[in-house]
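Input: structures, listed below.
One chain, chain A, appears in both complexes that follow, with chain B as partner in the first and chain C in the second.
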Partner chain A sequence: MTDRAIQIDNLTVRYGRNTAVDNVSLNVERGAVYALLGRNGAGKSSLIRCLLGQQKADAGGVRLFGDDVWQRRAALMQRVGVVSEDSDAPPEMSVGALARFCRCLYARWDQAAFETRMQHFGIGLDDRFGTLSKGQKKQVSLALALAMSPDLIVLDDPTLGLDVVARKALFEEVIGELADRGISVFVTTHDLSGIETFADRVGILQRGQLVLDEDADALRSRFRRIRFTAQPVALETGGLAATRMRSWGGGAEAIVSNYDDIAFERFRAASGVSAAEIEPMTLEEIFVAVAGENGGGR
Partner chain B sequence: MFAINPADPAPIWRQIEEGVRRLIALGALSPGAAVPSMRDLARDLRVNPNTVARAYTRLIEGGVLTVKRGEGTYVADTPVQPKKSERHEVLRDGANRYASTAIAVGADLDDAVDELQTAFERIVREHRRRA
Partner chain C sequence: MRHALVIARRELAEKRFVALAAAAFAVLPFLLSTIPAIRARGGAADVIATGAALLSMGFTGGLALMLGSSMVGRDLSEGRLSFYFARPLGTAAIWFGKVAAGLALIAGTFLIIAVPSRIAAPAGWNHTWGGTGWKLALIIVGASCLLFFLAHVIGSFIRSRSAWIAVDFAAFCLAAFGGYFLLRELFETAAIQAMTAAAVMIGSGVVVALIGGGAWQLERGRTDRKRSHFALSQFVWTAIAGGLVLAAGFVAWIASARPNDLTEIRVEPQRQGPWLVVAGKARGRLDYMAAFVYNSETGGYKRLPVHGLYGQLMFTRDGNALLLGRHDRRTNTIEVFRREPGSGDEVSTGLTLPAYSEMTPTDDGSRIVSAERGRIVNVYDVAQRRSLVSARLPENAGYTAGMYFVTPSLVRLYKINRDAPVKVLRVFELDVASRALRQTGQLVLEGKYLGLVASDDGSRVFVRTPDALIVADGRTAAPQMTISGSTFRGATFLRDGGTALIRGDHAIEIRDAAGALTRTLPLSVPNAWSLRETPDGNFVTIGQGPDSSHTYVVDGKSGAVVQHIPALPVGWRGDLGWFGHDPRRATAALPALFTDDKRLLRWNYATKQAEVLLPRG
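Coming up: the complex of A and B.
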């Protein structure tokens, strides 16, 4: 028995001369919420396919609950619920029929939990899948994934195209499940609103490489946006690292990735330059600063 | 109850811990009052239940909250206020942080004290209005 829900070791996926996933290693502890961020084309989809045992890695591999997912896919997928960005079903099929279908596939199916959620979302079991809104389809898809009583839920860009209300409802369900059953969550997204307070670890995938893999609290505590009214400034004098520096006529703005008050005070004393503003950053802003302007895709 | 600020550099468990302590200190939560279950608070604040659990554990160990088995979590009948020395330490910590931010942006002492006073009064006022 391992404490890890997911263990990815040196995962590499190539398409011809293109490397989509480049030697990625990361772990997700049981009960943890891991958010993998990356812009389109960063390699998220390839990584997810390997994670779900749908694609064989060119090198390295993925273990779920200690077992190799490529070798033990069928058994492991009984324990993994998936909500993908293009969750789909035949439009003529009713929600109830969908549930009956899934019930046959999953040994730990919880019909009562499914029906309670549908009632809560205001979706009837007789409703045809094709007549549902985008948000409702996502809700059905989540309810199906949770009804199989998973130990791990994989949310692949779950909020794509959802409005704020639908997004909130979706995450509330996941949080409830976290509290009740202690499941682990792996979510990929390029839209952090809604997830940034409940992800406890964050990874950033950029051109196939995991350029960041860190505790969310630690990340928030070390990044700052500093605005100066004078320029140019040498932040290195305080031992501060500027990941990005922008200057304009009368001032400059720096994103500092290792901020602390003492280092900044040292810089200030040495340079005599005062900052106009020092702002903490949301994970969303940190993601933009890291995966930034020249593109996380290819 | 209170909100989590995703841009606050303080860890979320600490924001929760301080939020609960503040509600008690301001009288919004009375001794013996029930506090939300970890599940409800997690959903409400949209944070990981483990994060709420961490904050609650610290509050329980600190004598601020008590658990009644099978019932739930409550504000202690006589919630333990931080000891004078502890309070001092917390204040000094916060003051150091605030002072260095103020100096960094080139504020003088009067400006800094004014801002502090305004913030203090605003927080107390907002709680009164909500209560």
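Coming up: the complex of A and C.
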């Protein structure tokens, strides 16, 4: 039995001459939360479709729990809950009918849990899916995904178009479930603040290529924003790499991607800089720094 | 299976409004029948039944189109198919679940509309639908189901918005042309059973393509619209190509029959020479008629394409050419071809005639006379590929009883008037050089005309009526002798100028050139029906046994049977050569080749044994 919930090897997806996903490899351990970040058109949705066995890769492959997902999709989906970017459930079905439909398909369906969540979200079982608000649709999709007691949950931009309250509610529900069962989570999102507290590992997809794939804590520890009161600043004298440098007030602001205290002290001693303000960065800030204005999707 | 049912149930629940619409349609015929103006036209029962028939047909057809085009195609184009693919559902379950729901809706709505009218107006139903109507109902539902699958394929192609649709169109054209070409090949040879079998093979490919295509599309393309189109396209055209290849193999196998495969044999022989046309059904080839130009001495053969032939072939009297008339169904004309018996080349003579025209060539086939629609006589020169003379016969001339070249420049025609109480045999001659058509004589017949046979040189004719056999001059039709009686079974002109005929079952009467009865031979051949003189003064006659015809050689002096051959001489029955209208009967040599319908035989008169030429053991 493999310890990996997801294993993506050299995945490539092309649409004509465009390469949407370019030789991407990544792994998600069981029980881990993996956040895949990327701007619009970076190739996240194509990767998700391949991850769920809904699209065949042009090269490479995806394994879920050790099995090839293209070959064994139907069996694997017993263990995978999905909340898709566009709520794809038939709009004319009632929430109760959706649950009845899913109940026939899953061996570990938990009807009570589903109904409890619907009560918690304030959504009636007789409500038609098509008449629900965007946030409610996401909540129903999440409840359906969790009620089948998954080992892996895949969230494709689950908070897209949701207001702050709905986003908070949705992530709280996931976090609660994670705490209860320790399921693996693969999430693509723009809502970086939402995953800040529970992402174990972060990947950044840029123009189809995985430009960053790292443990979230390590990532946060090596990125720093440093503000200096004077210019110019030669960070390289201390062995520090500035991802971005810009003027700030009368001084300068640098985003450093390999910060550590010893290296900074070495820099300070060599450069004679005494006044510097060092701040840790959020995932969102790191994402902007890595995939910023010039490094977005296609 | 269980998952397919889950999906079918969901699809049915989603489209339950269709059943309500069908119920509303079911009520419509009853409402119409209450309108006096409509009811006055055919009675309430007929209005209800006719209305139900038309509405059920229209409703199920429209529903099939709508469901077929949207069932998968719409979900795919709207990105909603991922709902199913994100569940533990096999692609077969998704496809067949949706198909089951679609077909159930089609059949169900048909029943909802049709059944109330069947219960309420059984008489009208029987009258409108014919019989119990269930056969028509099955056809409607079956056609709607086919439409459902077809709409799915076309709908998926269109909704994908892929340029690949150009390839689909090209493949469709190729498949349609291929299917048409294969079926036409068999249709042109009138092989209806074989054509049906080939059509079933092609149809099987189409059915597999339509039913299995969706499953393959979902398995290979899943939620990707373009890949889904590509997968469907790949499956559909592969399956149809498979059906076409199977049918092509079948047609090739059918057409590969050899003379030895013939299970029944029809023969048109050369008057002199070893060549024959042998044709007939072949082993395992259903109703396909294979034909060959066959050399009875060497066993060699050339395949004779049979499309449009329908038995329209004849050897010229000198035996040097085989003329074939091939029917063109589109123009309903016959094009005449010529080929040397020993060569495989078939050359058009350039002569095209309306179908059912009568035709006779000169002895060497260099000219052909035709009587188009019985009235327009045309002499055509094959080498020059042009008409030499054309003439119109009188309106009351009637149909052609015989027609031949007396010389290459003189055509003689025998015409019998139609529909008149008194039958008149008229003789016409058309002179090619002077372009003159004139009547050279006529014979007024008592009672019906039954047939005409001319002597080998054409100088005399037998004209048969129900009560007499008249011997007349071949040119003027002036009667030379009338032999009374109604039980003539066969007659022939003798080399010495006399005549011989079979009377009843028991005697051959021989007369001299003046008509005097010179002798009567007792005949012990059962049901004898044909008579010819052999070069050594004996007679050949055919006796009809309980199962088949046998040939008997009868001693010309005693009437005793000296040879009994359990088969028919080839060419005596006119198996294939009904193309020509030459009434002259050859003074044949002793026949050598025979057929018993299953075999071609050569008779050894010395040993009285038959050698089987076809099929060879």
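As a convention for this text, the second predicted complex is superposed on the first by the 289 of 298 C-alpha atoms of A that agree within 3 Å, B and C clash if a C-alpha of one lies under 4 Å from a C-alpha of the other, contacts with A are read in each partner's own complex, and residues count from 1 in each chain.
Going forward, contacts are C-beta pairs under 8 Å (C-beta built on N, C-alpha and C of every residue); 3 or more make two chains touch, one makes a residue touch a chain.
Not measured: the values here are computed from a predicted model.
Contacts of A:20 after superposition on the shared chain: neither chain B nor chain C is touched. Residue by residue along chain A, chain B and chain C are tallied for touches, and B comes out ahead. With both structures placed on the common chain, the touch criterion links A:280 to chain B but leaves chain C unconnected.
By the touch criterion defined above, A:54 lies against chain C but remains apart from chain B after alignment on the C-alpha atoms of chain A. Legend: residue contacts after superposition of the two complexes on their common chain; A:172 is shown touching chain B, with no touch to chain C.
Legend: residue contacts after superposition of the two complexes on their common chain; A:89 is shown touching chain C, with no touch to chain B.
The touching residues of chain A, when paired with chain C in their complex, are 15, 49, 52-56, 73-78, 80, 82, 84, 86, 88-90, 92-93, 97, 101-102, 104-106. Residues of chain A touching chain B in their complex: 31-33, 168, 171-172, 175-176, 178-180, 194, 196-200, 217, 220-221, 224, 261-262, 264-265, 268, 274-283, 285. The residues of chain C lying in touch with chain A in their complex are 2-3, 6, 10, 13-14, 79-83, 85-91, 93, 220, 222-224, 226-227. Those residues of chain B that touch chain A in the complex are listed here as 4, 6-13, 38-39, 42-43, 45-51, 96-97, 100-101, 103-106.
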